[in-house]
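Same chain, two partners: chain A is paired with chain B first, then with chain C.
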Partner chain A sequence: METVSKKNRNWAFAIVGFFVLVSIVSYGFHEYYVYLQAYLWFGFIYGMCLQYGRFCFASAFRDLFAVGVPRMVVGIMIATVLFGFTSAFVNATGWSTFHPAPTSIHAMIAGVFFGVGMVFAGGCASGSLYKTGEGNGVSLMVILSISVTQAIFVDVGGFFNNFVPQSWKESALQKGLPPSINVADGWIDQYLAGYVWNQPVLRFAEMLGMKTDSIKGAFIGNLFIGVVIPALLLLIWVYLFWVKKNVVRKVEKEGRSVTLADHIQGFWGMIAASKRTALAGLFLGIACGLQMFVIEGLRMKFGVKNAGTILARLGFDYGLSAKGTVFDPGYWYVTTQEAQWVGWTLHKIFGWNFMDNIFFGWVNGIPNPAFNPADWMSVALIGGAAVMALLHNEFKFKKPTKELAIWAIIGGFFMGIGSRLALGCNVGAFFVRTAQGDPSGWLFGIGMIGGAYIGVKFFNWWTERKMAKEMAGLELEL
Partner chain B sequence: MTRTYMWIVIIVVMAFLGFMIGYAVPPFMEVGFGKGAVTQEKALSEEELQKQFEELYQMEEGGGSEAGGGE
Partner chain C sequence: MAVKFEKKEEGVYTLDVTGYVCPHPQLYTKKALEKLQSGEILEVVFDNPSSSESISAMCDSNGNEIIEKQMEGGKFTFKIKKA
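Up next is the complex of A and B:
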C-alpha cells in the first residue's frame, strides 16, 4: 500500500474531526440530533464505499457501450443483489422505511432522460457526489446543475401548463389538496397528482400474492424473483454481447471447440473481475439496510413518523411542508435534498415561492440546509469520499475546462429532469428500488440503459465531428 | 501507515454507528422484532393521516384553532 503524505493525512483527519465535532456538539444541544447524525454517518460510509468501488453508473454504461468493458456494470449488478439480500432481512422484520414508487411507463421515460444526462455529464448523481469529494470541479458543476434544474422544474407553470393533458388536470384537481398548493398551476404538480399518483404501487411479492413483510415475500417474491432473476438476465445479456466473443476466441486459440463449461467459467470470470465494485456494493448494501433499521428505531424512540416533527420540536419550523413534513426517506437518496437546498436558497434570496407546489410545499418542504437530515447525508457523503481519496493519494483538485463545464451543465439538466420525473435518481429510483423488489426500479433501469446508449452514440458522433473539423483546419494550415 | 489511518477512520465510524444502533435497538426490543407489520397496522393510514391534516388545516383557515383563540 502506498504511503500517504502528511498533508493528505492531516486533511483526512480534519474532515473526520469536523464530523465528530458536529456530532458531539449537536448532541450536546439536544438528543434529537442523533436522528440527523444517523444520516450523517451513513452518508459518510456511502461516500467511502462509492470512492473505494468507483461506483458510478455513468462510467459503467459508458465503458460498456463505448469500449465494451463490462466490469463496472457487473459490479453494480452484484451490488444490487447484495443490497437486495440485506434489504430482504429488513423487509422480513416489517421495519423497512422503504416506500415503493408508482409503477408505469413514466419511470422508463424518466430513465432515458437520466441516462442521456449522466453520459453527457460524465457522472451519475451518486458518482458526481463522490467525485466532488475527490476534488473534481466538473462533478461539482454537475451537482449544481442537477440541483438548480430540479428546483426550477418542479415549479414551472404558466406557459408550460399548456402541455398538461386535460385528464391530468382534472384528476389533479380531484385530489383534494389544500388551497396553499396551487395544483392547477405547474406542470410537475399536475403530472404528479394527475398521473403518477394514479399508477399502481406494488412490489414483486405483492404481485405474486405474498406479503412483503413475510420471510417468503421478502426472500422469494422480492429478492429472488424481483432482484436475483432480473439481475441474472442482465448479466447474461452482458456476457452474450460483450464477453462471450472473448471466451470463444480464447478457447479457439487453444485448438478446441467451446463447451458449456467454458461459458460457465467465462461467466464466473466476468463476475470475479468486478471484485472491488462488488465489495463496495456489499458494504453499501449492509449500510443501506442498517440505515433503514436505525432510522426506524430512532423514529420509534422519539415517537415521530417524519423528521419534520423533530425539527419543529427543536424550533426549526421554517420550510416544513403543509403536512409538517420534510424529506426524510430513511434510506440512501441523492437528488431530492439537492433540489431542496437550491429551493431554500432561491426562496431566501429572491423570495421565490416554492411552497405552492406539491414537491416542496406538500411533500418535502424546504428546511434550512443546516438542519436538513438528507443534506447532512450528502455533505457527509462528499466528506467520506474525500477521506478515502486522501488516504489513497487519489485526491486532486481538477478545475473544469469550458467544454467540460458545458457538458456538465447540459448533463446535469437532463439528470435533473429525469430525477423529478422518476421521483429519484440512479440511487433512489434504481439502486434502492430494484433492491427492494420494486418493479418501477427496473423500468427506470431499462430507460437509463437506453438513455446511456443514446448518450454514448451522440457523444461519439459529436467527438468525431469535432475531430474531423480540427483535422480539416490543420490540413488548411499546412 | 495508510492502513493504520484507515483503521482509525473505520473505528471512529464504527463507534458512532454503535452509538446510533444503541439508540435504535431498545425500541425494537420493546416492540419485538418481526412485529413491524402488526404495529404498523395500528398506526394511522395515509388516508387517515391526510384527513387529520385537512381538518387541522381547515381549523387554521377558519381561525378556529385553539391557538387562534377560537374558544
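Up next is the complex of A and C:
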C-alpha cells in the first residue's frame, strides 16, 4: 500500500485545522454558533464516510444495470437498514427532527428525472459533493448545475403558468398564503400548494395503526415493515437477477448441482462483498441518527424551533422566510442549501426577487451562505471527503473536459428538476425518508431505479459508438 | 482528453480513460473486454477512484482475472486477463 505523502498529510491537517479554527472563533462570538458547528462537524463525518465507502447512489443502480455489479446497491441497502435502526431508536424517544413528505405518484415521477440525471452526471447529489472533495472538477460542475436549476425552477412563472391545471391553481389560492408569495404566479408554487400539500402524509407505523413515537411503531411499523422487508425484497431481486447466475456457474464448475445452502452462501457473499460501503453506511447511519438527537437537544437548549430564530437573534435577519424560518432539517440533507446559495447570490447581485415563491419565501429563505447551517454542513462534507481522499492518496485535481462538462450540466439539470419535484434528492427524498418509514421514499427510489435504467441504456449506446470509432483499424471483431 | 484504445503488443491492449468519471471508465472497460479474445490482456489506465472497485467487482463477476493493480499519484493501472 502506498504511504501517505507529507504534502497530503499537511493538507489534511490544514483542512481539519481550518474547521477547528472556524468553530473556536465563531464560538468566541456567541455560543449560538454551536448550532452551526453541529451541522459542520456532522457534515465532515458524512464526507469522510462517503469517500471511504465510495457511497454513491448513481453508482448503485447504474453499475448494476451497466456492468452487472451489485456491490453499491447492496451497500446502500445495508446502510439504509442501519440508519433505519438508529432512526427507530430516535423516533421511539420522540426526539426525531424528521417530517414525512406527502406521498403520491409525484415522488416516483421525480425519481425518474433524478435517476436519468445522476447517470448522465456520473454521480448523485451527495456523490457529487464528496467527489468534489476528491478534486473532481466535473462533480463541482454537477453541483453548480443542480443548484442553478433548482433556484430557477422554483421561481419560474409567467408563460409556465399556462401548464398549471386549473384545479391546482384553485386549490393553491385557498391555502391562505401571504400576498408576498403571489401563489398564482409560479409553476412550482401551484404544484406544491395546489397538489403536493393535498396528498396524504403518512408512515408505515401510522398506516398499520401504530404511533411512530412508540417502541412498537418505531421498530415494528417503521423499521421492520417499512425498511427491513422492502430492503430485503430488493436484495433478493438483485440476487436473483444478477448474482445467482454467477453462483450457479461456480457450483457447476465444481461438478455438482446447486442447493439451497449454496444460494444462502451466495446471498451472504453478496452482502459481505460490500464490506467497505456497509462499514461507511454503519457510521453514516449512526451519525445521521445522532445528528437528530444533537440538533433537537440544541433547539431545546436555546429555546428555538428553527435556526431562523437563532440567526435573527445574532442579527442576521436578511433572507429569512415570511415565517421567520430558514432551511434547518436537523438531519443530513444536500440539495436545498445548494439552491439557497444560488438564490442568495442572484438576489444580491442581480436583484432577482426569489422571496415571492413558496420554496424560498415561505419555507427555506435565502440566508447569507456564510451563516446558513445547512451550507456549513455541505462545505464541511466536501472538506471531510478531501481529508479522507488525501489520506488515501486519492486526491487529484481534475479539470472538466468539454464532453464531461456537457454531461455534468445536463445531468445536474435533470437532478435539479427531480429534487424540487420530490422535495429532496437521493439523500433527503430517498435515504432519509426510507429509513424513517416514509413510503414516499420508496416511491422516489422506484422512480430513481427506472430513471437509472433509461440513463444506462443511453450510455451503453453512446459508449458502444465511441469504442467502435476508437477500435476502427485494429484487428478486432467489431 | 479522449478515450484511447491501442494495441501495445501481440495480445496486449491499452485502454486509457484518464480524466473520465463514472460511469465511463467501467463502461469502456466492459466494452473493450467484450472485443478481446480469451487470454488477451487489457491494461486499463484511469484516475477515477470509485471506478477501481467497480472494475474489480465486474471482473470478479465475469471471471476475468486482474493480474496486476497499480496506484500511483491518483492514477490507477489494472492489467486484466480475459477469461
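Criterion: the second predicted complex is superposed on the first by the 462 of 478 C-alpha atoms of A that agree within 3 Å, B and C clash if a C-alpha of one lies under 4 Å from a C-alpha of the other, contacts with A are read in each partner's own complex, and residues count from 1 in each chain.
Methods note: contacts are C-beta pairs under 8 Å (C-beta built on N, C-alpha and C of every residue); 3 or more make two chains touch, one makes a residue touch a chain.
As the structure is a prediction and not an experimental result, all values here were calculated from the model.
**Student:** After superposition on the shared chain, which partner residues are touched by A:A12: those of chain B (first), chain C (second), both, or neither?
**Tutor:** Once the two structures are laid over each other on A, A:A12 reaches chain B alone.
**Student:** Quick check for you: in the superposed arrangement, does A:Q174 touch first (chain B), second (chain C), both or neither?
**Tutor:** It touches nothing on chain B or chain C.
**Student:** Quick check for you: in the superposed arrangement, does A:E394 touch first (chain B), second (chain C), both or neither?
**Tutor:** Only chain C is touched by A:E394; chain B is not.
**Student:** Could you look at A:N353 and tell me whether it touches chain B, chain C, both or neither (first, second, both, neither)?
**Tutor:** neither
**Student:** Kindly classify A:G122 by the partners it touches after superposition: chain B alone (first), chain C alone (second), both, or neither?
**Tutor:** So A:G122 only meets chain C here.
**Student:** Going by the contact rule set out at the top, does A:Q265 touch chain B (first), chain C (second), both, or neither?
**Tutor:** A:Q265: touches no partner chain.
**Student:** Just checking: does A:A92 make contact with chain B only, chain C only, both, or neither of them? Give me first, second, both or neither.
**Tutor:** After superposing on A, A:A92 lies in contact with chain B but is clear of chain C.
**Student:** Contacts for A:M300 in the overlay, against chain B (first) and chain C (second): which applies, first, second, both or neither?
**Tutor:** first
**Student:** Which positions of chain A sit in both the chain B and the chain C interface?
**Tutor:** Shared contact residues on chain A (touching chain B in one complex, chain C in the other): 2, 392.
**Student:** Note which residues of chain B are touching chain A in the complex, please.
**Tutor:** By the definition above, chain B touches chain A via 1-3, 5-6, 8-9, 12-13, 16-17, 19-21, 23-28, 30-31, 33-40, 43, 49-50, 53-54, 57, 61.
**Student:** Using the touch definition from the top, list the residues of chain A that touch chain C in their complex.
**Tutor:** Touching chain C: residues 2, 54, 56, 58-59, 62-63, 66-69, 71-72, 119, 122-123, 131, 134, 136, 138-139, 242, 246, 249, 273, 276, 389, 392-396, 398, 401, 403-404, 456, 459-460, 463-464, 466-467, 470-471, 474-478 of chain A.
**Student:** Where on chain A does chain B make contact in their complex?
**Tutor:** 1-4, 9, 12-13, 16, 20, 23, 34, 37-38, 41, 44-45, 48, 92-96, 176, 178-179, 211, 213, 290, 293-298, 300-301, 305, 322-324, 387, 391-392
**Student:** If we count contacts the way the header does, which residues on chain C are in touch with chain A in the complex?
**Tutor:** 1-5, 7, 19-24, 26-28, 30-32, 35-36, 47-50, 53-54, 57-58, 61-63, 71-75
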